[in-house]
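Here the structure comes first, spelled out in structure tokens, and everything after it is commentary.
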Amino acid sequence: MTESREPNTEQQEEWQPKIIGFLCKWCSYAGADLAGGSRIPYPANIRIIRVPCSGRVNPLFVLKCLENGADGVLVSGCHPGDCHYSEGNYYARRKFAVFKKLLEYLGVDPRRFQVSWVSAAEGEKWAEIVKTVVEEVRAAGPNKQLSAPVDKCSGAPVKRKHLKND
Amino acid sequence: MRIGVFVCHCGTNISGTVDVAKVAEVARGMPRVKFATDYRYMCSEPGQNLIKDAVKKHNLDKIVVASCSPSLHERTFRKCVEGAGLNPYQMEMANIREQCSWVHHDKKEGTKKAIDLVKMAVAKVGKDVPLKRMRIPVEKKVLVIGGGIAGIQAAIDVSMAGFKVVLVEREPSVGGRMARFDKTFPTLDCAACILTPKMVTVAQNDNITLYTYSEVEEVSGYVGNFEVKIRKRARSVDMDKCTGCGICYGKCPTKVPSEFDMGLGKRKAIYVPFPQAVPNIPVIDRKNCIYFLREKCKICQKVCPPGAIDYEQEDEIIKEKFGAIIVATGFTLFDHSVYGEYGYGKFKDVVTGLHFERMANASGPTGGKIVRPSDGREAKDVVFIQCVGSRDEQKGLPYCSRLCCMYTAKQALLLKEHNSEAQAYVFYIDIRAAGKNYEEFVRRVQEEYGAVYLRGRVSRIFEKDDMLIVRGADTLSGAQIEIKADLVVLASGLIAQPDARKMAQMLGISYDKNNLFTEAHPKLAPVETVTAGIFLTGACQSPKDIPDTVATASAASVKAIGLIAPDELTLEPLVAKVNPDICSGCLACLQVCPFSAIEKEDVKDRLTKEMKIVAKVIESVCHGCGACSATCRVGAIDIAGFRDEEILAEVEAIT
Amino acid sequence: MTEVLKPGSSEPPENIYLPHLAAIKEIREETQDIKTFKLVFQDEELRKSFTYKPGQFIEFSIFGVGESPFCLASSPTREGYIECSIKKMGKVTQAIHDLEEGDIVGIRGPYGNGFPVEEMKGKNLIFVGGGIGLAPLRSLIWNVIDRRDDFKDVIIVYGSRSIADLVYKDELKQWQNTPGVKLTLTVDPGGEAEDWKGEIGFVPTILEKVNPSPGNSLVITCGPPIMIKFVLVTLNKMNFSSQQIITTLERKMTCGLGKCGRCNIGSVYVCKDGPVFTYAQIEQFQEEI
Amino acid sequence: MIKRLQEKVGKLLREKKVALVIGYEMAGDGISTTPCFIEREDEVERLVWNEHCVYNLSRYLIETRELASSPSPKIGVVAKGCDVKSIIGLIQENQIKRDEVVIIGMECEGQFDVEGERQFKVEGLKLKDKDKDKDKEGKLLEKCKACEVHIPKVYDLLIKDDRNSGAPEPQSPEVNAYAQVEELEGKSQEERWQYWKKEFARCIKCYACRQVCPLCFCPQCIADQTLPQWISPSPSLKGNTTWNIVRAFHLAGRCIDCGECERACPMKIPLRKINKKLGKEIKEMFDYEAGLDSEAKPPLADFKLEDPEEFIR
Amino acid sequence: MTEKIVSKEDLKKILEGLMKTSELLAPGKEGDLVLFKPVKNPEEVFFAYPNSLKPVKEFFFPPREELFKHEIREGKVGLSSEHQENRKRVIWGVRPCDAKSLLMFDKMFDGEYKDSYYLEKRAKSVLVGLACNEPLDSCFCLSLNAGPHAKEGLDVLITDLGDDSYLVEGITAKGEELFQGCGKESGEGERTRKKELEEAAKKKIRKTCQPPPDLESFFEDPYWEKVSRKCISCGVCTYLCPTCFCFDLSYEGRDCIRFWDSCSFSPFTKMTSGENPRREKKTRYRQRVYHKFSYFKKNFGEIACVGCGRCLRECPVKVDIVEIVNQCSKDKTKD
């Protein structure tokens, strides 16, 4: 069921980029944990989704995020050679290399989709990357591309009429 | 569906930055959430009891715990909800500490983010399906492939723990390379003295079945349940009847170069490779035996007192099941004939370190004398050249073979011990002596035994007046050097066995570009492979000296024992699953699976009733990495616990 | 020349796609994957005015997820609520199974022709059901039991894969105890338990054993296609004519209004002209059922 | 050429080497051709070959798979050099077996754009003399201009062009196959977005692009799935864009550039321009080209340690 | 019914006027394609087209239409539905075949269950027809009770007389209203000219569609397997067909939407259980043919085809439905 958003009191507030991160649970997620454990502050714009491996991240996830209105997506995994599953990140690297080229070619702002390697020891790096990505996405502005509202068949203005309500 | 949300204060760790009461309050309004509360320490016993009580009281079936990182307490809370009678995999954690309260300082912002994180967890748990841990029976037996020191040690260790082991060796005797050595660095124990007792143990231990002159031919199955075909090659000698008296090879008229002695000595067509061989039972080399070549002779059969010679014997195929496999297939030497400067392997008196070992060995072909193979004259001036093949990306290997520095030093020492007149010259690039007492040893060789160490490469070796002229540079002095040598000993690098790649493919383990087997993780899983249940020891993984080899053998044994000790394997259910109805059979998943956990299957389509190819997951082999799922274009393969639907629910929850 | 049609000019006509809101009053777990949902319309007027026939169906809407057709399992003789028994199969049914009492859903309908209850009066009725196929029959069975005098003997043969898969377990007992109603239960071989008192065997076999007479009788059957197929063979053997056999057909019925174009069999739209057909009608169809 | 094609196909059928041959016949308009399925020897006269045989018939191989496993096992398919690439792709992805197909390779000098007639009167475009007519280049399909496989790389039978008997294989003109892609690459990000937005807005989700594609063989396209719903089924700018991105990505490293998607699209969305771009990138980044080797690992199911990663932080 | 002669200039003025008072839709070029779109400038209105790529059905039965929205707050559900403003809509340049197709839509969307979304749009629209002087080879309207100058379903018909003047024939009051106060009476010469044009156009239509009377008995014929073989099961023919109306309903977020669907697609009839009565391609193709030439006729008294020829022109593999329908009777007699 689609729950309606909370009353939009925030609308007046300044726009804040919304970023979704897909982090592999062995390296990057642990890196983010380390950033937490080390109390390294970074912007609160990112929401992390934990995945087993960067190789698990289907490029369609990224597309879904952008389509649903996320302003940026960050996929982060282990450095090459460090993958817990030995090769997952290599496959991810290929997929995202191609996918990124595709999005760019279609005119999607490249800042909206980023990839990083962050190890479990790189808490600092994680915080830095979040900062950078947030700033870049902020500069890119609200995502009006893939999440553009649907176009109406004809441009006729509409009036809304409540029919049923309890 | 009735979801319960439990928000942890973590003392003030979370509540300092996040308004936990507000989070719980908002959570109460989330779809399908029937109960939400906050508590000071959720992971504490009262905290866990709070969850259990709420499950009962509010009839909850799915749980969200908003607290710290799942890396820390996922196990705790899974156990907790399991204790409450729920499926442990219908619990999700929202990491509002590491990802929120500890990194954000603004309470309003922190609270807002914490709410989002809870929302995601609620959305995910809503899609979670109950999962069951998998249990599979385990064959309590270990296969060790390779009967060198690595395999011997592994077999002994496993057998000592009370488990059955099958040790397969392709040579007629176990012992491997180490059996050829004279003494071992840095302690100079006699190799035979320390190895032979182990070889005997292998032969005599009831838990160990030894198949020599045998090879592994096929491996199928998966962790806990490997099915292996072993080819026991025909020895032409009945092992049960043979007493090892040795009359047969005493009388055999055919002499051929001995492989064991690196061609420096001879053996018969019926032979044991070396006196201490285990089993001490000869084998007929059918390629050279007169009977097998011309159907004549039969002398050995005539002289054999127990009548053990059996010319009709055939290869035997043994099929056995194993719970774990230890791979100890060892190494071979780099072929230096690629190097023109060392004479392309054509000069008889340019030999490898292993030749030197055989000569130095008192029971070897020269009776312990270091001689020139060309004329048998005792060698006086001997040049050792290091890094032959190693660390040479152009013609040789990119890596360092690790033990050449040490064995060269040892051989320089042995040279002097065998002949006090002799002089050793060692051309080296760097000395790598990074083991316990290694550096001291090398220094002793130089200082006490007078070995001359020259830093530099040899540019050419040529023959002159039945001597070898070794021309090189001493880069330290900058001088050009020419040494007139009786013998040149090359410290050839260690490389993978010629059939290593075939072996890896048969086992379904990965190998690097040098055909060395790849460990599952270089640091944290150095003896595991990506294929569950298959472990590595010794030089088949990377060049290792004896101490390291023995250490990895014991490590691999412990891993194998740990695997087969329980009656059943309990596996996490977070594995891939194929929907055969929509699988297109392109098998891209099979190609990306790092664990070979996917196989091709022919099935009848449920609806069209036509035969088709689909992918099938071997659940006990799958690690749940998800590479298959992300590669599948149809979305026919999904990862339990991280299903597409669950991940997309998280996305949708916050967008 | 044709004039353009004129809808009512002031008020827009009723929106045929807009569901009525209904609250889930009660959820009963029938089997592991079947639940019965009792629904009460939010609108009080509608609660009174909503009438339907056994065999009709509704479009059940989970807002934001989707809409699916389900037959009405309740009897119109029990007023004030409707009931649907729903098996967990796909996206919508899964979402329905996740619902809790008190949740609000959307209902459009009733649609379809329903069973010819009037024609059944004064006749012996033989109900043959399998699995969840009992749901539409239940509507009719209660209807018959509640007006017991209008009908003659009632025979019910109902089977499922196993005891656990039988639906309406409590009601089966009530039917059994109703005078003039003969209920035979069966489970597939292997689906029984030690204390099972019913039959063991597939529905067509048991039907043959029950051996109802075709005289002044109608057979109403509903269940998995494979069951129906063999039930027909059995009935044929017992000399039932195809006019005497009534069943409901299943198709993907998206709109329920005969408009969306997918549930037709020939020129007949299952959602509008069905889903109840006599076997005589079905025999006329060219497409395979 | 047609004569020999008919003879060879007749022989295949007569000798029961194939159960069915998929080829081209004249369409009702007397200009274009249409796919046809020949099962009997006496039907071979329907077969034609000309510059309007644009369809990639390998698409039908999957549907006839069932037939291929019946007693008379093989399916013959008339294939141009480019079509053979998709046959290789199908073998590579286990959709068909090489020994179940008889590839009747056609030497092809390029296909003409019959579709030029669309919307307007059918006139002017008549089957002209086989001799080189002046505006041939002008009518040549875009994809044919940079063709490198006038003679298929793999075939069981080859029907050579009569005119070229003995002549060396026609040389590909020096054409930049990626000119259109590069032109678009040269534009600004915003310009590219506006361009594609306008194109995708027209999409009516008829899925002709998918249905005509020889490599879109999934039993249930991801676009038709509801659990989860990856792509909204209705045509809207948002859903259309997603669909087109997914379609292109799912063909990355697999598309053999037959251009059928773009040709089939009634709304004339320049789909080939996207596929081509991905082909270019994959060639540059991973040194892989689709449709050349049925034994090769697909590039997205493969990796090299030294794969590019400048885009990764 | 009045007839008038208007000049090109007059038409432009009328268009300009309509733009202000109504929503005006007319054909325009988009690259090589001719599509109906809102008119922003009368200059862009394109007259010289055989027919638009998409039929005008999209303005009554949009490819995607929001039916209602839902909102859930604290367990309560609110539903709201949008209704388009009742502003007059003029669709300019409708070909007679497309106009006729709308009469079939009327039958579908009216009846026992009245589809307000369709009917509202229908009621507020005025159809200005443009007679076909240059039909295409693929047109076959004549054999289906229609024709290049047919008036059925239109409110007004314009015929281009070729000399920058147009004959305007009012058909309904709604239509005549648009041309009030402009142009001049038509003369005999002009009427003759129009007749000539009509006859000439009719002569150009050589393709005929002659469904056999015994189509029903053909249902199980292996013919369908054979003729459907090359069909690729895409939705081109159905989506571009002016008489195809199949649709699907779905929720997208908070919107309940209706959108085009096609009987060519395999999932169209696939049930959740996986069962699919029309899984085989042949059954789907047969459904399309039978729906048009048999079922619709049975239910509504006429063949659901107007002979616009779009399906022939746009089919990616040149499946010729007319040929298939005509042939199936011949085949019958042959066997």
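The first chain written gets the first letter, and so on, giving A, B, C, D and E; residue counts start at 1 in each chain.
Definition applied: contacts are C-beta pairs under 8 Å (C-beta built on N, C-alpha and C of every residue); 3 or more make two chains touch, one makes a residue touch a chain.
Keep in mind it's a predicted model, so treat the numbers as computed, not measured.
Q: Under the touch criterion given at the top, what is the topological distance in steps from chain C to chain E?
A: 1
Q: Walk from chain B over to chain C along touching chains and report the minimum step count.
A: Minimum step count, chain B to chain C: 1.
Q: Among the chains, which is located farthest from chain C on the basis of C-alpha centroids?
A: Most distant chain from chain C: B.
Q: Farthest chain from chain E, comparing Cα centres?
A: Chain B.
Q: So how far apart, in whole Å, are chain D and chain E when each is placed at the average of its C-alpha atoms?
A: Going by mean C-alpha positions, chain D sits 32 Å from chain E.
Q: Please tell me the distance, in whole Å, between the geometric centres of chain B and chain D computed from their C-alpha atoms.
A: Roughly 47 Å, centre to centre.
Q: Averaging only over C-alpha atoms, locate the centres of chain A and chain B and give their separation in whole Å.
A: 39
Q: Counting only residues that touch at least two other chains, what does the list for chain B look like?
A: Where chain B meets two or more other chains at a single residue, that happens at 31, 581, 592, 631, 644, 648.
Q: Please output the residue numbers of chain D that touch at least 2 other chains, ranges allowed.
A: Correct list: 220, 222, 227, 230, 236, 300-302.
Q: Going by the contact rule already set, what residues in chain E reach two or more other chains?
A: Expected reply: 63-64, 68, 70, 72, 76-77, 79, 81, 83, 248, 250-254, 275.
Q: Going by the contact rule set out above, which residues of chain C touch chain B in the complex?
A: 98-100
Q: Taking the touch rule as given, give the residues of chain D at its contact with chain A in the complex, in rising order.
A: 184-185, 189-197, 201, 222, 230, 236-239, 241-242, 245-246, 248-249, 252-253, 274, 277-278, 281-282, 285-286, 299-305, 307-309, 311-313
Q: Looking at the complex, which residues from chain B come into contact with chain E?
A: Interface residues on chain B, with respect to chain E: 29, 31, 581, 606-608.
Q: Which positions of chain E touch chain C when the two form their complex?
A: 67-68, 70, 72, 75-77, 79, 81, 83, 103, 106, 108-117, 119-120, 122-123, 125, 151-153, 155, 171-172, 174, 216, 219-220, 245-251, 253-254, 256, 258, 261, 263, 268-273, 275, 277, 283, 287, 290-291, 294-296, 298-299
Q: Hey, which residues of chain A end up touching chain B in the complex?
A: By the definition above, chain A touches chain B via 1, 3, 6, 18, 20, 25, 29-30, 32-33, 35-37, 39-42, 44, 47-53, 55-59, 61, 64-65, 68-70, 81, 84-88, 91-92, 95, 127.
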